[in-house]
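You will see two complexes here that share chain A, one where it goes with chain B and one where it goes with chain C.
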Partner chain A sequence: MNQTTSPSLATSTKGLDEHYDQSRKAQRQADLWLMSGAIMLGTLVLGPIGFPVFLRGLSLQVKAQKAGLTVRPVLVTLVGYLVAIDAALNSFGWAMDMIAHHSLMNRTILTMWGNMFDAGYFWHYNELWIGGASAPGEKAWVFALLPIVFSMRLAAAIGFLQMKRWGHQWMVVTCWFGVVAWVGYVANMTIFADVRYANVVFPVVGWWLYDIFYISPFLAIPYLHSVNREIFSDS
Partner chain B sequence: MKNEQFINRQDLKRKRALIAFQILMYGYLLTMFLVQMYMYSVRDW
Partner chain C sequence: MSEKSLNSDLPMGTNAVFANMHKWLQRGLMVCLTALVLEGALTMPLLAVWYGWPTLSFQEICSELQKIRFSDDSRECIYPYPLFGPAEGAGQTTAKDQWGVQPVPEYKRIGYRELITIRNARLAQ
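Coming up: the complex of A and B.
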């Protein structure tokens, strides 16, 4: 069959292809910076280096959106990456406390953190049979939240950033998990405050200043429930 | 038209519920913070 294409259609298709090509390139470049920054921020120790890298990625994302390219919305990008960083930060610290509690790095960093803000990570550290933090209830939180909440949150954030429907759905689920985690954990901090804040360098205010950054689940819930679900794909 | 009104009403209800949830959650966190600050002021930490 002899197929002919009108010149105007050919031009517009070519323009569209170019547009998608440019959009894909811009998204890839922004993600490269964002992901590198997020990975460094997720380790905590490399955070000061990761933050400017992350900001550079975010500015590339904003620029691409302003230029009219077909890229991931900035708000989806920000919510997705913040949740991923929050999940990574929690996973890393608690995984160290759970399985590497006798390593030199852990005994140095976590007990220093304990000495500064939260004596749950200093008081009788490594004295229980399970090792790591000995504060009342702490290990139960580690066991419940690390494999269920934070691992799932990390997977959900990746699906969300890929604009998959399951990513959006699991973000909703795991952000509500986050509410349970925060309500319980803050109650624990208050009930056992005499253990956790006694003789630390910055009691109460220090812990809150540091931990308030983990509040991303609450910030994300209204957005996740009001965003247009049609922007997420089934495939 | 009726359907549109229903969706708007549902949307409004959802927004209100989300605002109520935010107030509840931040209220809880603030209360816990204030309880801890009170403890800090009366204890020998």
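Coming up: the complex of A and C.
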């Protein structure tokens, strides 16, 4: 590269520009694949297609890093995509429950999932006049958390992955929302455990699979408050 | 080792005070991200196979689940559902529960591809 062969400042600046240009392109290319994969994984239905797409993005990210390009810190990538997938899974699932509860896809996929892991999405499903989940308190969680937590968290994750200052700030805000959501939701599921878990296929395993791995706020918050905020840009 | 050289080994945004915490967070995040990616990829196909696809179509699975949910063999999954129709379960009186401040559902647990045998047994009657 120019910066190693030429001693002149002008040439080395040019080399540096080229390096950043290449780095930006590589990061953008990896992100296109990673975010497309994350969104598809978040829909569940397109999950099997999203999986290889996400892995391709991951391999591009690792390749760029190994090539010595200036890409995002690994922790920012991990936090960003964990939150993006978590938010997408909850946003799409609950959007279906809220406005598409009588679609065939929702009545099969969501009630199969409910029957297997959490009968909040099977017990008396589509019986309330408003449709969707009927378990005690569940519909209120859907209305509160879908627009105010999970959709905003998906937007925040995108801004965070672009290393924007607003992305970092909204990650902090929505991760704290996420703590409230997780604690309240788990308490609701525990208090009404009979409705949620009686005669479902995998009650305990289901709880672990679909609650524990959504603890992204608890892992993200310590990082968000301890990372040097100067690495996020105002522009 | 000087502070400068120590810091130069750290990822961007991580300072020496939080280096250890960030290392452990990275491990935890890696586990959770792997789990969520696998969940996103595998949940739908595994659910479909467990409940009888491709032997049963999605609409048949939907109907069988409704018969179990409302303990009523006459239920069918109407598709496409009328856009402004009432909720499909509204006013039903057949579902079985032990009612109380903590309701307990009385439908039975569905085993691996059991919807197929339940459906075949009913059709044979």
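By definition in this document, the second predicted complex is superposed on the first by the 226 of 235 C-alpha atoms of A that agree within 3 Å, B and C clash if a C-alpha of one lies under 4 Å from a C-alpha of the other, contacts with A are read in each partner's own complex, and residues count from 1 in each chain.
Convention: a residue touches a chain if its C-beta (ideal position, glycine included) is under 8 Å from a C-beta of that chain, and two chains touch if they have at least 3 such contacts.
Source: prediction; values computed, not measured.
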Original post:
Is A:Val179 touching the first partner chain B, the second partner chain C, both, or neither of them?
Top reply: first
Original post:
Looking at the overlay, does A:Phe54 come into contact with chain B only (first), chain C only (second), both, or neither?
Top reply: second
**OP:** Using the touch definition from the top, say if A:Met189 reaches chain B (first), chain C (second), both or neither.
**Re:** first
Original post:
Which partner does A:Val45 contact after superposing on A: first (chain B), second (chain C), both, neither?
Top reply: second
**OP:** With the two complexes superposed on chain A, say which partner A:Arg107 touches: chain B (first), chain C (second), both, or neither.
**Re:** second
Original post:
If you stack the two complexes on chain A, which partner ends up touching A:Met96: first (chain B), second (chain C), both, or neither?
Top reply: neither
**OP:** Please determine whether it is chain B or chain C that touches the greater number of chain A residues.
**Re:** C
**OP:** Go through the superposed model and pick first if A:Ser226 touches only chain B, second if only chain C, both, or neither.
**Re:** both
Original post:
Is A:Val204 touching the first partner chain B, the second partner chain C, both, or neither of them?
Top reply: first
**OP:** For chain A, give the residues common to its interface with chain B and its interface with chain C.
**Re:** 194, 198-200, 222, 226
Subject >> Parts of chain B lying in touch with chain A, wherever the complex brings them together >> reply: 14-15, 18, 21-22, 25-26, 28-29, 32-33, 35-37, 39-40, 43, 45
**OP:** Could you please specify the touching residues of chain A with respect to chain B in the complex?
**Re:** 179, 182-183, 186-187, 189-190, 193-194, 197-200, 203-205, 208, 218, 221-222, 225-226
Subject >> Touching residues on chain A, where the partner in the complex is chain C >> reply: 40-42, 44-45, 47-48, 50-51, 54, 73-76, 78-79, 81-82, 85-86, 89, 101-105, 107-109, 111-113, 115-116, 119, 122-131, 134, 192, 194-195, 198-201, 209-210, 213-216, 219-220, 222-223, 226-228, 231
Subject >> Partner chain A, residues of chain C touching it in the complex >> reply: 11-15, 18, 21-22, 25-26, 28-30, 32-33, 35-37, 39-45, 47-48, 50-51, 58-59, 61-62, 65-66, 68-69, 77, 79-81, 85-90, 92, 95, 102-111
